[in-house]
Amino acid sequence: MHLSDFQLFVLITIIKIAVVLVITLTAVAYTVLLERKVIGRIQNRWGPSRVGPFGLLQPLADGIKLFLKEDLMPMSVERPLFVAAPVIALACALVSVAVVPFGATFKIQGVDIFQVSNVNIGLLVILGITSIGVYGIALSGWSSNNKYSLMGSLRASSQVISYELALGLSLVGVVLRAGSLNLRDIVNSQIGHGFLSWNFFGGLQFVGFFIYIMAAYAETNRAPFDLPEAESELVAGYHTEYSSMKFAMFFMAEYANMLTVSCVATLLFFGGASSPFEGWLPAFGPAWLQAVLPIFWFVAKVFAFLFLYIWVRATLPRFRYDQLMSFGWKFLLPLAMANILATSLIMALRS
Amino acid sequence: MSSALLSILPEVVLTVTGVLIMLIDPFFAPTASKKALGWLAVLGTLGAAGATLLQLRSHQILVTFSGSIQMDTFSVFFHLLIASIVLLTLLVSLDYFKPGVTSHSGEYFALVLFGSVGMMLMTCSVELLMVFIGLEISSISTYILAGYRKGQATASESSLKYFLLGSFATAFFLYGIALAFGATGTTSLTGIASGLSITAFPTMAFLALAMMLVGLGFKVSAAPFHVWTPDVYQGAPAPVVGLMSTAPKAAVFAVLLRITATTYSSELLHARWVLLIGIIAVLSMTIGNLGALLQKDAKRMLAYSSIAHAGYLMVAYTALPADSIAAAAFYTAGYAAMNVGAFAVISQLGGYDEPLRTIDDYRGLAQKHPVLAAALAFFLLSLVGIPFTGGFFGKFYVFNAAIGAGHVWLAVLGLLNSGVACFYYLRLLTALYSRQLGEEGGEFEGSSPAAVIAIAGAVLATLLLGVLPGKVLGLAQRGATVQVSRNR
Amino acid sequence: MVPISYYLVLAAILFSLGIAAYLVKRNVITIFISIELMLNAVNLTFIAFAHQWNKLNGQIFVFFVMVVAAAEAAVGLAIIIALFRSRQTLNVDQVNLLKG
Amino acid sequence: MNELVDTIMHLALFLIFGGLAVLAALNLLLQRHPINSALSLVVVMMSLAVLYWSLGAEFLAAAQIIVYSGAVMVLFVFVIMLLNAGEEERTKGSKIASIAGFPGAVAIFCLLSFVFLSEGHKLGLSHLGGSLDEATSNISQISSLLFTDLLLPFEVTSILILVAILGAVVLAKKER
Amino acid sequence: MTIDSSILSLIVFFPTVGAILLALLPANPTLQKWGALVVTLLTFLFTLHLPAHYQYGLSGYQFEVNVPWIASPAIRYHLGVDGLSMWLVVLSGFLAPLGVLISWRAIDRREKLFYTLFLLQQTAMIGVFVALDLFLYYGFWEWSLVPMAILIATFGRTDKRAKAALKYFLYAFIPSAILLVGMLWVYAQTGTFDLPMLQQMAASHSISSNQTALWLASLAFLVAFAVKVPVFPLHGWLSDAIFEAPTAAVMVLAGKLGLYSILRFSFGIFPEQSRQIAPLMIALGAIGIAYGALVALVQKDLKRLAAYSTLGHLSFITLGIFSFTVAGIDGGVYQIINHGISGGALFMLLGALYERYGTYDMRELGGVAQKLPWMVTLFVITALSNIGLPGLNGFVGEFLTLSGSLQTIYVAHPMIWTAIATTGVIFSAGYMLWAVQRIFYGGMGRRPDEVSGWDLDAREQVALWPMAVLFVVMGVASPYWMRAIDSFGAGFINQPVVLNLRIADPHSATNLPGIPVSGTEGGAR
């Protein structure tokens, strides 16, 4: 059977989507396990260890449990929105993975294999989708018709909106250096002298990185910025009324977002799928190894960031709400602007 | 000085002052008297006026910022006008806020300055993008200023109505720009002017102009787009009404003049445009005056009067090119002087809480405040169009231009209208000089010296524009020649 | 290959729906929302024309419209909040203290 | 062959997302709860973003999503939640408004589409702008235009934003 | 700058300067009164310069000032007087101090406002008479309304004063708006507002070739003036305004301005159209005379009676000037001055009566002749002057007017209209004398019973006797005034005018275009 270019393209793309989706969901599930394990160790306990070897099957058990639980629907909720909210949240969290290049450029039949879609405004797509994700949070709280949920979602949305600014601005330095919004181009701009040409080191974007990482933690409503679900104040925040699969979707969305954040951090500041010794060590091994090795580096970096996430959660206390807001507006935002200014000045001087 | 800087020097001065005010503001206690900031704003405005004079002295036409700004006599004329209006408004509002009670009085001055930056930019832009941004700056700041007395139940309502209808108008204006862009492939007014005569889409071009007219008509409260005016003027603080009934309108009229100038290249388009404007002018005059006849609230009445005046002004647009521009520009100036003055007096008589509402409340005020009443009477007479006032000469000049272009019917309708108009102005005037006193006496806090200066300035301006209009007229006519020669 | 005029008509539909909503709706927030719809329709028109003329000016105009819309939204919603604080209603028919 | 695919895809995109936009706009009109109207508008905006992209304005498509649906509309939803706005009541005013509103809107629609369709043949065809993969981007062109020719509007916009911030603070802050 | 070229500016603006000074002075009643008196007297003195240095026998304008004011539209500051306006200026100057004197006691509060407005009004009025630029003229014309309206609104007698003021203003203002259209149209055609230039153009028929437009423009002018006169049936504002207005204001309220404007501008710019409309105006004049007299006959209120008598007089003048004969126009102009003095004196006396008894109602008055001998003397003289008794001023004017109207060629049967007018004169004698009888003789009225009046005091004597003397002097020595007036009238009638009239009388039509120039008829010469 002979496939036309277009048909081939559609086919490969569908396969890519399926594979990436499965991998992401699995990764999400195991991030949960990782978190429980790491926090357990940090708190001097074991963490889940009963299901499967080293508790490795725990995510499966959790999934089955959540799936089989009764799906409660409180009486006074706004039904359509109540149902739509977790879907929006999860969908937005998963879609952004689509533009992430998780390997080196490797084409089969003219189609890039290690990236679902190479969009020329990839970074903007990620930002856009992240900003859409707020709806999931906002609507869940509002449609629950519960004051704690509402408070949680109000907090979450204002937090997300506020930190989105700092987040976006922190990336401008990187974009300035790369001169493109295409993620692949950004990664390629950090290749040459191993890890020294990564934006974090060579690009002097460490300030940008720190702003990014802090803003991103707030964006994902993770500790120390997990005010929206501050259980001591708001029960469980915006997903108080959710149960079963709907709750699971929020849960997955949160971890998928963590994953995205880590991917973006890797791509923008740490050279993406490039090895830290790129340009210093000659390419070695067969072609398949050359194709797969970058994926290894990518996964390793992402893993490091996920670990950082968990580490931070286990060690840092929660902010107060007004502290959170003033931190974002009065510290991160000006700092991000200063970073842009400094970066552009340096670039202007260099050229 | 670089020509680019020179061409936007007044705006720069105002912006810098505004930012400065915002920077200094936090050093005051929230409810402290922010009079010092007010004086700073006054200084800034004077600086802007000085910068404008500098522009005038350079005697040249500067096109800067890749053709988006055009500094010429026309823009300088409106710059000066806006600066004067803002100056008077600032002086009137210096003592308007009660220290210790009202907060955010520092931001008020900054907003006024920023708003005037927008207005000024509108008058010197020949790029619709710039015009749009200027329009929005001025609109947004006036939306805010309209709702400034948060304690009053009517303030937010006034602000809301202004906002909703203003944004609605913006959408139309934008659609007009989009269609103009579609018809000519450019958003620069000079480009549109040359494109309109050769466009392949004549209907679309006309529709574009009509849509822009709708949008701008809203902003200048021309009928039938006037519905917001009475409510907004009634609820907004009096000094702000003085500002927003003149300065943004002046700016919009300037834009409208530049848009009118684009139609000169096409005979057919110009004829249609004139017809459209003529209809709107007649509607505005009639609806404004008839509406005003029915009002009991003084500010509301003046709101309808401003609709009518927008109508008179639009009559000018139907005249021959050079005449129409000069006449409209001059009328704007005359109208600004008297209207700002009238609202300055009203704000002085009423103070922050404005207890004087209905016309009956104004009864016998001439006995208590003879000078203020005389000033108000003078402004009212100017609004009526009694000779030797700016209002009269403006009207005279406008109708002269219209008749010069052969639109005698417009002049007849317009002047009959002004005859009807004198009825309601005189109602307020006779109330002022009535022997009985109104019931709502209103505690009079004593007029502030700054406001008295402002009122005196407005009286002087109104008088000078009526008696010795030569200088202003000359400027307006020079501005007109610039426009006509560039767009032919 | 879709004729540009299709896009323009689509924009016209959206614009008219915006006008209809503006006139019919009674909740101030919804009225404001319909203004945003109108602005979006205008943006589509701009972009369609920008495509037609192959000029970027139209696209840049849209960019500025977006910025302005954002600023307008901030102010507009602040006004609405201020209104709600003083009047406890969002229905335009009940916002009627000002009349002659 | 490729051109045909292109045409079909483009038409399909236009029909799907244009239709979606119209349906959502209709929904905006017919829904009575403000939050539903707001969400309908979000759908409109996102469909329009796709159409922008199909017209070669991918930067604006992204900006549309980030600025409009991601920030502006979130603000709307936020305020609706904050004020706990309920469904709107049918009042006398709304009846009068619908009598005046619908014909007015229809009239404007007829006028506009008449003009577009009658002069439409002089307008060209649109080509699917952003191609499917690794397209050249016009962002650099946009930005160079923005920072050279249109620098002044760009800078002046900051005043606009400043005014908006000032206004929001002044109006929304509670009076002590 | 010689005195002759600046005297008119001085006369016009001196009262304004006075008004400003008064406004700045403290609101002390005595100070204000004396200040106003001094200003008006000085103004009067200045006006006397005009007849003293007028060069009689010359047609055209004298004491001219003509400097550019505004470049575009071409507006000039152009003042000047001729035989017509010179005496009107003097008359205005003469009446003003009398007005101040008569208000001495009648205005007992807010004197500052009163005298300030009064002086402003004087500027406006004199300005109307001397302005030779249409724009300038229009300015003064409109301004004359404002102080008057405020005077009526503030110092009116009853609660309806505001309404009367409004009525007065609207009546005058709306036609003025149309007048402005007419003026602007004329400007659009000719490019000038300068009256002498326009007159020349009118003479050479170069204003416009569009007859319809010319007609409409002339109507615009005429209607505005006719309302101000007022000509029957446009007199709706008159009786209310006179009824409410304080005496000093009433004295200058009606007549002069409108009639002068007709003579100067309607006749000057639209000579043909004015002649074409003459039949209508003559008819209206005649009807107005009869109507005024008849309505006056049934009035109970003295002020209303005087108001309708005023209407009668003014209609008389209208009749005269629209006859377009030298006698008619001379008589009309003379009658304008007469009316200013006689009518003024009548209103002053009525005002003095009101001060004493607080009413204008004839039924409440009566039999005060013994108490007020000086008053009755002056009243009778004034009444006789108003009636037009031979030997007094009124007779000269009425005689000339009637002889002019008899000769007119613009109506088919001038006899009929003259007859109607004459009946009016007879009726006016009737109501005047009847009023005298009812006020001063007969049984004691209710008010005089309650209030003890007092006779004219020195101030009032000073104010009234000059007038009484003038009645006689102007009746006997009319040529002194006529010299100047005739130079205007003759110069005016001598204009070559081409008429394409459709006049009912075919015999008159054959006389056209030459207009018979009347030589020396008029007994008072």
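For clarity, chains are labelled A, B, C, D and E in written order, and residue numbers in each chain start from 1.
Everything below uses one rule, namely that a contact is a pair of C-beta atoms (placed from the backbone, for glycine too) under 8 Å apart; a residue touches a chain by one contact, two chains touch by 3 or more.
These numbers come from a predicted model, not from an experiment.
Separation of chain B from chain D in touch steps, taking the shortest path, is 1.
Taking each chain's centre as the mean of its C-alpha atoms, the one that lies farthest from the centre of chain D is E. By number of C-beta pairs in contact, C-D leads over the other of B-C and C-D. When chain centres are defined as mean Cα coordinates, E lies farthest from chain C. Put simply, the C-alpha centre of chain B and that of chain C have 25 angstrom between them. We define each chain's centre as the mean of its Cα atoms; on that basis chain C and chain D are separated by 8 Å. Between chain A and chain E, the centres computed from C-alpha atoms are 94 Å apart.
Once the centre of each chain is set as its mean CA position, chain B and chain E turn out to be 43 Å apart.
Residue numbers of chain B whose C-beta contacts span two or more other chains: 129, 133, 136, 140, 143-144, 147, 150, 156, 159, 182. Multi-chain contact residues of chain E (touching two or more other chains): none found. Residues of chain D in contact with at least two other chains: 59, 63, 71, 75, 80, 82, 112, 116, 119, 123, 150, 153, 157, 160, 163-164, 167, 169-171. Every pair of chains in contact is given here: A-D, B-C, B-D, B-E, C-D. For chain C in complex with chain D, the residues that touch the partner chain are 1-10, 12-27, 29-30, 32-34, 36-37, 40, 43-44, 47-48, 50-52, 56-57, 59-60, 62-64, 66-75, 77-82, 84-85, 90-93.
For chain D in complex with chain B, the touching residues are 111-112, 115-116, 118-119, 122-123, 148-153, 156-157, 159-160, 162-164, 166-167, 169-171, 173, 175-176. Put simply, chain D touches chain A in their complex at residues 1-2, 5, 35, 39, 42, 46, 58-59, 61-63, 65-66, 69-71, 74-75, 77-78, 80-82, 130, 132-137, 139-140. The touching residues of chain E, counted against chain B in their complex, run 23, 69-73, 110, 112-113, 135, 138-143, 145-146, 149-150, 153-154, 162, 165-166, 169-170, 173-174, 176-178, 180-181, 184-185, 187-188. Per the touch definition, chain C reaches chain B in the complex via residues 8, 15, 18, 22, 28, 31-32, 35, 38-39, 41-42, 45-46, 48-50, 52-53, 55, 57-58, 60-61, 64-65, 68, 71-72, 75-76, 79-80, 82-83, 85-87, 95-100.
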